[in-house]
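Each of the next two complexes has chain A plus one more chain, namely chain B in the first and chain C in the second.
The block that comes next holds the complex of A and B.
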């Protein structure tokens, strides 16, 4: 990241920016997230399909931001940004993983129907 | 798609009508009169002394990290005062409204605050104290101190630094505005779900809370980026990682938390906003929503936020304690490791805020153990400070007293935190004021460290020490008040008092409620001592004038610069030789060494754009709160246009000439934070390079 202190354009990571790419990134991200919102509001998909579609749209939005906004790659100028993103992956796994675990358990413990097999196998505080 | 809101709505004013001005509530009338009086005094003084241009050129448009830090702290202290006033109202209401026969005043059945107003007061108290008092004050210290400790000229991104400040200021303005236009959230500072959903909170209160936090958290996130880059990139030659002062280390760890945690809050509030504005069902009980998802997301940010507040506090203590013990900090490397261990563990403990959700024994067990793990690195820190003090020549100055009181609060808060980490105990005292007393020990540790920091670094910024006598009076009244209020509160928690009660039904609580109120009165007295400390310090500023090393025993690089520190920080970029650079130079007789000559210093130019963008963000927030769509569209468009225009500025800055530096080094008043600087835009960069 060596470069002049006074001229931003002397920095290679700043030179990666470009009006067309920012506009394309903005439009694609807004469109993808807008599509996810519309899909959510319409309620016309099954649960499994809905989760797959929204998850796919989110992944595409992330990809579009990574490529068009941040220009992530493994070049000398950009690798620190790519590495920064990768460093957040463990955090992502921990937080999402623990959330899934707690809500799966919560669901089993609080949303079961009376007399169901799941209810009979769940431990209670008294056990 | 847009949700229908109850009550009138017009295209021009949205939901805003004259009825939304609460002019019939007596407390707000007095508050409004007080606020107007203060505004008239401040604005009148600025106009009378013809200082409008000075404030615009030197403060509102500044990109100097020290001035930005000072403004952060001033905003934080003003909000601290507001939050304290809310706390006083809460305590007074609870002691007055005790038992079935408690009389009512000013329209309330019991006490003087009707339930809906009381709910707003405690919601505002929590929101303000955490996000608009503690956070700006600590951010202010980081702004002032970190570049100086690193031997840097400024932050890595001075413009973005100012932008962060003005976003925070705009958001704080929205919180204050909710006093006089509309109302504030009545759903607690955490946004108790589903209370924050539109059917249960149809007024604009939740919207004020939501948008104010959103805007300020953008500022906090940007500031986190700025701090991390500054620490990674801007260290002076020779300052290797393990020569860096502990406060800078804790700032790095805390801002890694800030950068990763605040976006989660942004998402939680954005989804809540989608529920309130677009009719989605992320957090509703039906339609596929899940209430607890909000609670999960909120605390996914909320617990790291606790350490976001505590880690810089540990940094302040780690600077103050060695200075007044005249010893290097015991266990420097373990202190660094402990800071990062706390930051890491902060991400796996959040469920302990809602153990009672019913996630099951395995999960509660996991989060219980993870929470207790925090005690290990924290314990390492406490022992390190204790060993630093062991057999030391301790000077009991005001900053040191605050630091020692902070250690006491850390122990009280930490040990009760260990109790709360046990799910069985947590189930018993959940939502009781025992929990409130516990976390107030922790946030008052933040306050104690903040006052330690204010009194410790004040001479560096302004060139004179704060009055010791009034400072000690402030310290003792404040700390005794803390002990009185929160010892009684712990007891009330065990007696079964639940939190957020506008009417304390059990008459057996009365004695402890009275004790709490006595403590609150002592707090009011301590505030008077604080004000007198400021007044006498300014009056006696010549007598209390400080040299570069204001305490004579300081150890880190910020004390190498003159006091008051000139706006360019270091006349010559320092070469760092060791950890505790100043102590090393003092030992080798190099602390008073002067450079043979000065070279031109490249400085960034001031710009009004961050101020304009911050104010536009506040207008946008106001328009969204009141659903004035045209104003929201215009202000958001203007904001984006300003950002784009600014991105084309080259901001080449100017060069400070060697003769000017020499003059300012001779006469420190010329370059101080409060001095007015001449226009140097003609000292253009290329012009200097040509020479």
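The block that comes next holds the complex of A and C.
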């Protein structure tokens, strides 16, 4: 953690802000979401490939936000935020991943679809 | 090595005025940890959405591809990212102690946030008017709860901004006000992060 400052405006977390960085964060995230939108509207990929592509674009957008908006790095002022985020990200993945995996297994073994035609037109992560 | 007293009942976690402690850093780290736990709340909602996003759980009602519009969602994405950028630029003005600049950035962020929320509430109101409210099916319950939880966070952020618009002219940029402005910056940026996940997962993969 950074040391004490008599002038709050001299604090490193105040000083770290930069107009160019924030504008770059806005442009990069909008561009990545725009690319994902184009991929979605074209509908020319298989479902799994499509999920991988838009998932990759989302991951890049989140990384862009972490660096350009939150300003996460290994500096003395930011190191503990970066470390706590890195330690928490696996919890996000485990929570969603295990839940989907468990219910996918349940879905395949015990649940009977009342309308299989509807299922075929709307693939989801569970299927 | 300097002698350190053993912790006891009089031990204080933070000591105001002690040169080795920064009240602002302590507050922002504490708020960051709160945000990570808040992110786990959203993770649970995403997990529930993933489980309920099946035709069976739609119970004969609409599924994702029938209620979401990725193009409209893109305009929402621009609005919320614009709002976050406006607030972030307000904190750039904070570096020079520019009160007018900070307050202008906050007002711009609020206007764009209202635009974002307008799109969202209009969608939910339209669905409800069509008889597809949150009690129509398990899928719609998950959809409404996910969207509304994010919207409630945004509303709380708007209230926080209104409070800051009062405190900045009244108290100036003292340590507490600066810490609140920095925490609000993280909180607001967090709303855009959650929205990116919602947009990709619900509006795109669902479409």
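By definition in this document, the second predicted complex is superposed on the first by the 94 of 127 C-alpha atoms of A that agree within 3 Å, B and C clash if a C-alpha of one lies under 4 Å from a C-alpha of the other, contacts with A are read in each partner's own complex, and residues count from 1 in each chain.
Quick note on the criterion: a contact is a pair of C-beta atoms (placed from the backbone, for glycine too) under 8 Å apart; a residue touches a chain by one contact, two chains touch by 3 or more.
Since we're looking at a predicted model, the values are computed, not measured.
Engineer: What is the contact status of A:33 with respect to chain B (first) and chain C (second): first, second, both, or neither?
Structural biologist: second
Engineer: In the overlaid three-chain picture, which partner chain does A:99 touch, first (chain B) or second (chain C), both, or neither?
Structural biologist: A:99: touches chain B and chain C.
Engineer: Output check: A:74 vs chain B and chain C. Expected answer is one of first, second, both, neither. What do you get?
Structural biologist: neither
Engineer: Given the touch rule stated above, what does A:18 touch, chain B (first), chain C (second), both, or neither?
Structural biologist: A:18: touches chain C, not chain B.
Engineer: Who contacts more of chain A, chain B or chain C?
Structural biologist: C
Engineer: Which of the two partners, first being chain B and second being chain C, lies in contact with A:58: first, second, both, or neither?
Structural biologist: Only chain C is touched by A:58; chain B is not.
Engineer: Looking at A:110 after the superposition, I want to know if it touches chain B, chain C, both of them or none. Which is it: first, second, both, neither?
Structural biologist: The first partner, chain B, only.
Engineer: In the superposed arrangement, which partner chain does A:41 touch: chain B (first), chain C (second), both, or neither?
Structural biologist: both
Engineer: Identify the partner contact of A:88: answer first if only chain B is touched, second if only chain C is, both if each is, neither if none is.
Structural biologist: In the superposition, A:88 contacts both chain B and chain C.
Engineer: Shared contact residues on chain A for chain B and chain C?
Structural biologist: Comparing the two interfaces on chain A, one with chain B and one with chain C, the shared residues are 1, 5, 8, 37, 40-41, 88, 91, 95, 99, 103, 125.
Engineer: Write out the stretch or stretches of chain A touching chain C in their complex.
Structural biologist: Per the stated touch rule, the residues are 1-5, 8-9, 11, 13-15, 17-19, 22-23, 25-26, 29-30, 33-34, 36-37, 40-41, 50-51, 54-55, 57-58, 61-62, 65, 69-70, 77, 80-81, 84-85, 88, 91-92, 95-96, 99-100, 103, 107, 111, 113-115, 118-119, 122, 124-127.
Engineer: Chain A touches which residues of chain C in the complex?
Structural biologist: Going by the criterion above, the answer is residues 17-26, 28-29, 32-33, 36, 39-40, 43-44, 46-48, 50-51, 53-56, 58, 63-65, 70-71, 74, 77-78, 81-82, 84-85, 88-89, 91-92, 94-97, 173-175, 177-179, 182, 186, 189, 192-193, 196-197, 199-200, 204-205, 207.
Engineer: With touch defined as at the start, can you tell me which chain A residues reach chain B in the complex?
Structural biologist: By the definition above, chain A touches chain B via 1, 5-8, 37, 40-41, 88, 91, 94-95, 98-99, 101-103, 105-106, 108-110, 123, 125.
Engineer: Quick one: which bits of chain B touch chain A in the complex? Just the residue numbers, please.
Structural biologist: Residue list for chain B touching chain A: 1, 233, 260, 264, 274, 278-280, 290, 292-293, 296, 300, 347-348, 351, 357-363, 366, 602, 650, 652-653, 685.
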